[in-house]
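Take a look at the structures listed below.
The same chain A turns up in both complexes below, where it pairs with chain B and then with chain C.
Moving on, here comes the complex of A and B:
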């Protein structure tokens, strides 16, 4: 059994590495067509993403919110739902954090941070949990629902920050009231990356354990495999779908909390920068595995981090990074069909 | 190994590639070492694409001009959101590119810029919202032009060219400078044609092309025949106006190419004024920490007139422009009412064009504007 696990892991590593290399070759040809030396580009990708301290800090800063928003898609996907509402859940989490934060003025720091985290999780969790309920009880398609709920969340944010909760002392940008300064959590010790990274890694690990080591996780996988079969087995599928959606939404909401308490201090349209959508990409590249989400988020964070240096060194447009991400997405998804095709990776007892 | 015999050309390319790669690493050292001398690297950070026919392009215009200055090398990065990412981009520009001046060209960068400025006293940080106040790091600058002045001139063109006496203004966010721009546009139009009214719509978004097209169409349907849009980019509105056969005025940068027939003129920034800061930093000269100005300080500009504008109108507008330059023309002067009938300024009251306190507090639309700010009084 242990051998099978090892072989499965090895298969995933080999196939993903091959996919990554193929993507780099394709990207090399792409930049070569623009008259740029591919090898200089590879060099810059590495320099910008991983080589120096500032590169690594940039990469991790990029990756931090993406881990949490990726979970918003990954966890419900294990239960068989395609949720693309991470963007909206993040916004709702951020808004909830600000609203609770201004009420909590004076409450001790540690308690505050916990309550703000819970507020963000409730904001995002209820937002996506509602979609799970709509699907189970009213047959509403969850893809369309979450997509549209993103627009609703952004509209709610814009409405609130342009009037009802607007801080008019900020004259150049429509932003909400700020949470008290003492509630800001700042950066991790020893590295200039905000606390969202630690929260993201811990959330991924906890959910990995939940999904792999508990009966709940096992039941979710059964549900994702075949809802009918899960129902026949007597699983409470409605509650499970809603719970999976709630957990996913709570993670994205927590990303919103971290944006507020570690970066901005207030809610504004700076919460709507595409973290939710990038998370979908990561969830799929990680094949819905919460542990793999950590690694893929760092990889994509690295691509985004080095994208800036590509622009500056070679005067390539920002869209170049998007091309690289797109290529990676297509190649990795295509490579998913390779699993189980190589006899070498099939265990003797498998 | 089999490649060795017949793939020498590929080998050659690979080798030369490595050479370039090595060269690019080596290039770091000289930039860093030479930064104390005259050559200087300037970083530009844009919040969106720099070819947006709008806000970011206005800064790109400046970057191109500043790149032509003596001993200046410009590095640019676009689509940088106002999150923790921008701090990393600044840090990376400083460490990996050796940037000594950074132009942070979006509002939300300010807080991040202050943090970085404290860590890097040898780097000059320039921001576009004129938020600097006593106590902020001395290696930070805030500067901003009064775009309401060129809007006034656009309004004059609109007032002269309109046939329906109805013109249209699309705003984005309910912010003070959008209201000032709108008021400038209306006041300019009514200064040459008191019968003009201006329909004002605040869309609520910096960038929402669908809503911009819908709003432009609906303004035209209401009879407006000159359109100006205060969005991140006025491209959609101008193209829509051109398609519908009405006049348009530009904003942010020169967008005359989008409307060869109906373009009148446009209200532009002149962010290249920031070149002075670069020069000062390069030579150890003096620079202001806070700089605001209009035509008098060459911080705003007027787009070249479109072919539809007759010479007499052009002359009239150039006289008014000169009025802003020599400060004989004031934007806000009494008697002035807002569009709800409240008296803002009584007869004889004049607001100085540099009275920033007044301008920051503008939350009204002047008489002649039809629409609401969307703000509670």
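Moving on, here comes the complex of A and C:
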């Protein structure tokens, strides 16, 4: 059994690495067509992502919310649902955090942080959990529902920060009231990366254990493999789907909380920067495995972190990293066809 | 029709109808294209990316050549190319077509922003429109009935596609492939080839829908141009039961919903602007919830479609 798990992991690593290399070649040709030296671009990607202490810190700061939004797709995907509502769940989590944070003024710091985290998790969890319920009880397609709910969440955010909870002392950009200063959690000890990283890593590890080592995780995998088989086995399918959606949404909501209490201090359209959509890509690259999400999120965080440097040095448009991510996503999905094709990775019993 | 000053709520209604005629065109093209794609048994969620590529390439070509119609054509071709990419990747075994759609959504949007950067400043020639409201003395009615030529082409496409799907050989093949790939194989058709073609034609129409955004209404190219019309069109097709005629009706409904916010602004209701802006998404969601069921698959749904299995 252990051998099979190892072989599967090796197969995923080899195929994903090949996909990444192919994407880099394709991206190199793409920038070369615009008169940019591809090798200089690769060099800059590495420099901006992993070479210096500052670039590593930027990478990890980017990776923190990505881990959590990736879980929003990965956990429901294990139960057989394709959830792409991480963007909206993050926004709802951020909004819930601000609203609760303003109410809690005066409450001791430690208690506050826990309550704010719970608020964010409830905001995101209920948002995506509702989609799970709609899918189970009404047959509503979860892909389209979550896409629409992203737009609805952003509209709610824009509505609230343009009036009802707007901080009118900020004139440059519409933003909500700020949470009290003392609730900000700041950075991790010894490294200039905010606490969201620790929260993201812990969430990934906890969910890895939940998925791999508990009956619940096993049951979710059965459900994802074959819903009818799960039904025959007498599993409470509806509750399980809704729980998986709630967990996923709660993770994305927590990402919103961390963006508020560790970075911005308020809610604004700074929450809507594509963390949710990048999270979908990470979940697919990690093959919905919460542990692999940590590593892939750092890789993708590196691409996002080096984006700014890439723009400045080569005068490329800011959508350059989106093109790279899109290419990677397309290639990774196409590479799904390769699984199980190579004898080398198949166990003796498989 | 006493006077233009006393229109009040009638003015809102006229503005919504005018908006419906104007805003519905991209919905109409995208949903007609997606109907063809889905009738063949594939779902393309990348239409949002295709819409952006169409908007960008149409605008860019119109700026460079000075001819908007050439832009429309190129926009369609760009859409067809992305559709081809979707089709080819989905032809590989064990590849999930909905996920590929999402990846094309990100890729197409990124590519459009990347290539479209130089075209944000220059202005392109606009597509012509026809004044159907010339009979009226009311300026509101006249501006509401300024109908774009692309809209009229879309309206003509509705019965044409509806009839072709039912009666032509191509329509039959497409529907057979969408309803049972085994039956299609037994009849000797290349299932993957037909589906790829269906996705390409769908992409072509969606690209044209995108060029409408940049070349007529709102009529500029910028990164906030499309706000999910491509995604909503996918839901719209489900609600329209894969029927081109219903697509037309639903597209008008969505256009009207999109126009609600700006129309209310004309009578001085400016609060809750963003909430009215969310009306089409909310409407889509409500319609989707209303029209879904766990008990049976939807009438008219192609049975090979992955979201129905």
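Basically, the second predicted complex is superposed on the first by the 350 of 350 C-alpha atoms of A that agree within 3 Å, B and C clash if a C-alpha of one lies under 4 Å from a C-alpha of the other, contacts with A are read in each partner's own complex, and residues count from 1 in each chain.
Everything below uses one rule, namely that a residue touches a chain if its C-beta (ideal position, glycine included) is under 8 Å from a C-beta of that chain, and two chains touch if they have at least 3 such contacts.
Every value quoted in this text rests on a predicted model; they were computed, and no experiment measured them.
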Note to self: Output check: A:317 vs chain B and chain C. Expected answer is one of first, second, both, neither. What do you get?
What the structure shows: both
Next item on the list: May I ask you to decide whether A:43 touches chain B, chain C, both, or neither, giving the answer as first, second, both or neither?
Entry: first
Next item on the list: Pick one for A:173: touches chain B only (first), chain C only (second), both, or neither.
Entry: first
Note to self: With both complexes overlaid on chain A, does A:284 touch chain B (first), chain C (second), both or neither?
What the structure shows: second
Margin query: Between chain B and chain C, whom does A:162 touch in the aligned arrangement: first, second, both, or neither?
Written below: both
Checklist line | Which of chain B and chain C A:55 touches, first, second, both or neither | finding: first
Check: Touch check for A:259: first (chain B), second (chain C), both, or neither?
Finding: first
Note to self: In the overlaid three-chain picture, which partner chain does A:273 touch, first (chain B) or second (chain C), both, or neither?
What the structure shows: first
Next item on the list: Mind sorting out which residues of chain A both chain B and chain C touch, each in its own complex?
Entry: 158, 162-163, 317-318
Next item on the list: In the complex, go through chain B and note every residue touching chain A.
Entry: 14, 16-18, 20-21, 24-25, 43, 49, 75-85, 87-89, 91-93, 95-97, 107-108, 129, 131, 173-177, 204-206, 360, 374-376
Note to self: Quick check: in the complex, which residue numbers of chain A touch chain B?
What the structure shows: 37-40, 42-44, 47-48, 52, 54-55, 57-58, 61-62, 64, 158, 162-163, 171-174, 192, 194, 259, 262-264, 268-270, 273-274, 305, 308-309, 311-313, 315, 317-318
Item checked: Residues of chain A touching chain C in the complex -> 82, 84, 134, 136-141, 143-145, 147-149, 151-152, 155-156, 158-159, 162-163, 277, 280-281, 284, 316-327, 329-330, 332-334, 336-337, 339-340
Next item on the list: Over in the complex, which chain C residues touch chain A? Could you list them?
Entry: 45, 49, 85, 89, 92-96, 98-100, 102-104, 106-114, 117, 227-228, 231-232, 234-235, 238, 271-275, 277-278, 281-282, 284-285, 288-289, 292-295, 307
